[in-house]
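For reference, chains read A, B, C, D, E, F, G and H in written order, and residue numbers begin at 1 within each chain.
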Amino acid sequence: MKLKVYLSGEIHSDWRNKIIQACKDAGLNIDFYSPVTDHSASDAAGDVLGEEDQSFWRDHKSAKVNAIKTRTLIKSCDIAVIRFGDKFKQWNAAFDAGYCAALDKPYITLHDEDIIHPLKEVDASAKAWAQRPEQVVEVLKYILS
Amino acid sequence: MKLKVYLSGEIHSDWRNKIIQACKDAGLNIDFYSPVTDHSASDAAGDVLGEEDQSFWRDHKSAKVNAIKTRTLIKSCDIAVIRFGDKFKQWNAAFDAGYCAALDKPYITLHDEDIIHPLKEVDASAKAWAQRPEQVVEVLKYILS
Amino acid sequence: MKLKVYLSGEIHSDWRNKIIQACKDAGLNIDFYSPVTDHSASDAAGDVLGEEDQSFWRDHKSAKVNAIKTRTLIKSCDIAVIRFGDKFKQWNAAFDAGYCAALDKPYITLHDEDIIHPLKEVDASAKAWAQRPEQVVEVLKYILS
Amino acid sequence: MKLKVYLSGEIHSDWRNKIIQACKDAGLNIDFYSPVTDHSASDAAGDVLGEEDQSFWRDHKSAKVNAIKTRTLIKSCDIAVIRFGDKFKQWNAAFDAGYCAALDKPYITLHDEDIIHPLKEVDASAKAWAQRPEQVVEVLKYILS
Amino acid sequence: MKLKVYLSGEIHSDWRNKIIQACKDAGLNIDFYSPVTDHSASDAAGDVLGEEDQSFWRDHKSAKVNAIKTRTLIKSCDIAVIRFGDKFKQWNAAFDAGYCAALDKPYITLHDEDIIHPLKEVDASAKAWAQRPEQVVEVLKYILS
Amino acid sequence: MKLKVYLSGEIHSDWRNKIIQACKDAGLNIDFYSPVTDHSASDAAGDVLGEEDQSFWRDHKSAKVNAIKTRTLIKSCDIAVIRFGDKFKQWNAAFDAGYCAALDKPYITLHDEDIIHPLKEVDASAKAWAQRPEQVVEVLKYILS
Amino acid sequence: MKLKVYLSGEIHSDWRNKIIQACKDAGLNIDFYSPVTDHSASDAAGDVLGEEDQSFWRDHKSAKVNAIKTRTLIKSCDIAVIRFGDKFKQWNAAFDAGYCAALDKPYITLHDEDIIHPLKEVDASAKAWAQRPEQVVEVLKYILS
Amino acid sequence: MKLKVYLSGEIHSDWRNKIIQACKDAGLNIDFYSPVTDHSASDAAGDVLGEEDQSFWRDHKSAKVNAIKTRTLIKSCDIAVIRFGDKFKQWNAAFDAGYCAALDKPYITLHDEDIIHPLKEVDASAKAWAQRPEQVVEVLKYILS
């Protein structure tokens, strides 16, 4: 059994690397995928298609270019891990969760205890809630056992 | 042509009533649906199934009971209007948007200009962005014209 | 909002009537549907198509005739309530749960506490677990509120 | 032609090994997949995510972690073999059968003659009923011939 | 419970009327639908779109016009009854059966015993095999009981 | 049998009225639906959401508002009639045809003989090609016979 | 580009080998798949699961075992070629065509001119009609060009 | 991450080669697919199946043979690039766009500024609009970064 795991959400801490490295160390047969995690590159994803005066349209174009990547990855993954941090709105992470739920794609949320309440709808459709990357790794180990 | 419109998201202002009343005044053939908008009733939706010591599980049960309602309404509606206000995380609204996107269900976002950037992924899959309930009403009028 | 609710599972107690009557008393806008609950009629559903010497084939024919009814009802309902009692194997009830899960059709399980463990997979995909019909009625009231 | 076969259900006898070994001996081009078959490991699948006082929630968490694995395997397999033994409720096996049926995924049931009647709905949607692992192997041989 | 039943297949005997009349007499809540059963009208369905010299294209145009009707009816029905008589090739009836099977639409075959063998694949995906219209009526009565 | 028919495409001749009136005169049980056929109103559909300097974004917003209406109508119709005239690019009509084809929604094309060649892919997925509204009416009569 | 082609239908002439050999000679990148084409082996496919007195049930069991193979192959192929010969009823071939049509799986029919009329519904949903294996080969060459 | 990209639309300029070559030079992990781009070969695709007197049917047969190829490629690609040039009607390109939209397959349009208005519906469902092949290449680079 081999897994394709998509790592969605927060881009300001090194949670992705922790999971990827620990899975590699454990010899797990997993291919990991991520959105573009460079914040400014992501915001500028659509600039090559022409500059925009209005911030709404610049965002719009970049968000759609990013969607080509993220939707393709979500649709082809076996499992998504969706991380909510303590900064920013992170509505895109919640959007990904809803998208996964509608496609019946299993996902694991990764977030601290203090945001349980606002994330209750997102967690209610998740297959697991982890507080630390190490727990995600343990779940992945179990699935591949 | 008759429309079923689901009003998702923020529950602390009277945007739903404004839309419903204006559409009624205009004689539009629309049935409106909403989640339970009483915050404490929504949080307590699962209590009848047994009390919980852990806040996570109380939230979990309530969120799932609410999901029975909201998913049924999203699946059966023709259009969703998803409102983001200036308070709270509102991850459930973004979750609904992702759910709609995956089902190819058209939705209109309703939010102020100052949250354009964090909502760019949500707006990128929307069919329209409105800043005021009156604009939503005009769009609905047009669709039914 | 009007609901179509399918009542699946155990046929040896009067849980269906309790739910239907209580919802009627509360004036809830619900249409209830059930499989054929007369055990011997259900077992004989296929007999009109010709007698069988082998019990396997008699069962096979009857089960398929019943499936015409139950699948049609599951596919068209908004919510299923699936009851597990203390007698019989009730694999058909668990089958219905799996069928609902794959179709993303929300269901509520109704069973006593002593069978939590063997039902854990069935409950894990349910939107709610109730122990008494009254709790199901309260959930339905909430959904229609 | 190569097949992916998922072996679902009873975990207390060596039916899986019998099928796998016989297919290997026959040189069949089949990849076999199974859920975690260590009963206590399966029950503890969610423990790494935090301990629970309530047995319901411990079961809930473990069942969901197991579901990540089993759903992924069911969705990607070509054929499922679902075994019902003479012990335990095995509602998860019937749940898997219902899930397969809804996805139009062909499955073969494997069980003794004495439980024909309670399994009639499960068998009615199966593509074959086998009583012994050797019969399953013969069917797989035929399919790959 | 109300049923939509589509009556597919053989058009040279009065089996449709027998079923419709008996169900009406029994007060069953069923809407029946049929393809155009006038053979020459059916063959000429596309003539209004322009005459054709080649019989292949005349047939092609008529078959497609008929398909608008039959596909719409199959997709919207709850149950199909598919009749195979003793004349003609009736490949369109078998085609309808395959179409139903792929859509998970339950169907009942209606044919004599002497064509069991060539119909084995069609019967294998059917929910029931009846030899006489009266049996179909009894099955429908049961489903609506 | 009742039909929902969506009339897509060219908006500069009175083909819609001809079909609707003739079907009404013939007493056919059909509900007809159309996009907004007032060209300038259609182009301005998104203006209420805020003015745009760039023609691309003005078009973009209006096209999306129109899509709410047209997609909803296509998804709910039984048959689409798609008209190609002798003016304008009419890529939206071809887009609708592709959308119908992917959803397995039957459609009839209505166009003159001189554009057979450029429409060959669109016609190849159509169920019928008509040159005059009267032919469409005859086909609808037949389907409802 | 590589193709998976499923060769369905008539098993009494060597049309399959002709196509496979010619494609091999032309160096086309195609994997071909077929049902079991040994008539008596196919009829006996279910015998290993236990003997049956009734021919209906023997046929039923064998047809279902064959369906495991044929459905898996149809679902995974890119193109089906469906051959109708001059003997037997061949309802299974028409069934496969209907199954392909519902899944939007492109198929090519292969049959003589004298059965155009009874096959009109099957041909109407086909992407091509060929009269000789050599024509099928040419079409495949073109597709891979 | 590896991408399958389908290049649909205009066949009279070398935009395909520009994109393919630039992606190759950049070492991007992409497999490109195209329809048959030889105009006369494409028009003659169905000739091998028999000559036709009527241009409509010649076109019909060829368009269907081409559809076997193009639909297979669209369904299996991750991204489509759809080019509209300054000549011909190019309704097939708009048809492909509609087909992609219904399947939720992301596509990028490639066309000059002077046809923004007639393409507004096609662009409204696109994930990006590029004016030059170099921009498409940059978007693909970003997606694979």
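Descriptive notes on the structure:
Quick note on the criterion: contacts are C-beta pairs under 8 Å (C-beta built on N, C-alpha and C of every residue); 3 or more make two chains touch, one makes a residue touch a chain.
This structure is a prediction, so every number in the text was calculated from the model and none was measured.
Interface comparison, A-B versus B-F: the pair with the greater number of contacting C-beta pairs is A-B.
When the contact pairs of F-H are matched by residue number against B-F, A-D or E-G, more than half turn up again in E-G.
Centroid to centroid, with C-alpha atoms defining each point, chain B and chain E lie 43 Å apart. Chain B and chain H have Cα centroids lying 37 Å from one another. Between chain G and chain H, the centres computed from C-alpha atoms are 31 Å apart.
The multi-chain contact residues of chain B, meaning those touching 2 or more other chains, are 64, 67, 102, 104, 129. Residues 55-56, 59-60, 62-64, 66-67, 84, 88-103, 113, 115-125, 129 of chain H touch chain F in their complex. Within the complex formed with chain D, the chain G residues making contact are 33, 36, 41, 45-46, 48-50, 61, 64-65, 67-69, 71-73.
Note for the complex: chain D touches chain G at residues 1, 3, 78-79, 104, 106, 108, 127-131, 135, 138-139, 142-143, 145.
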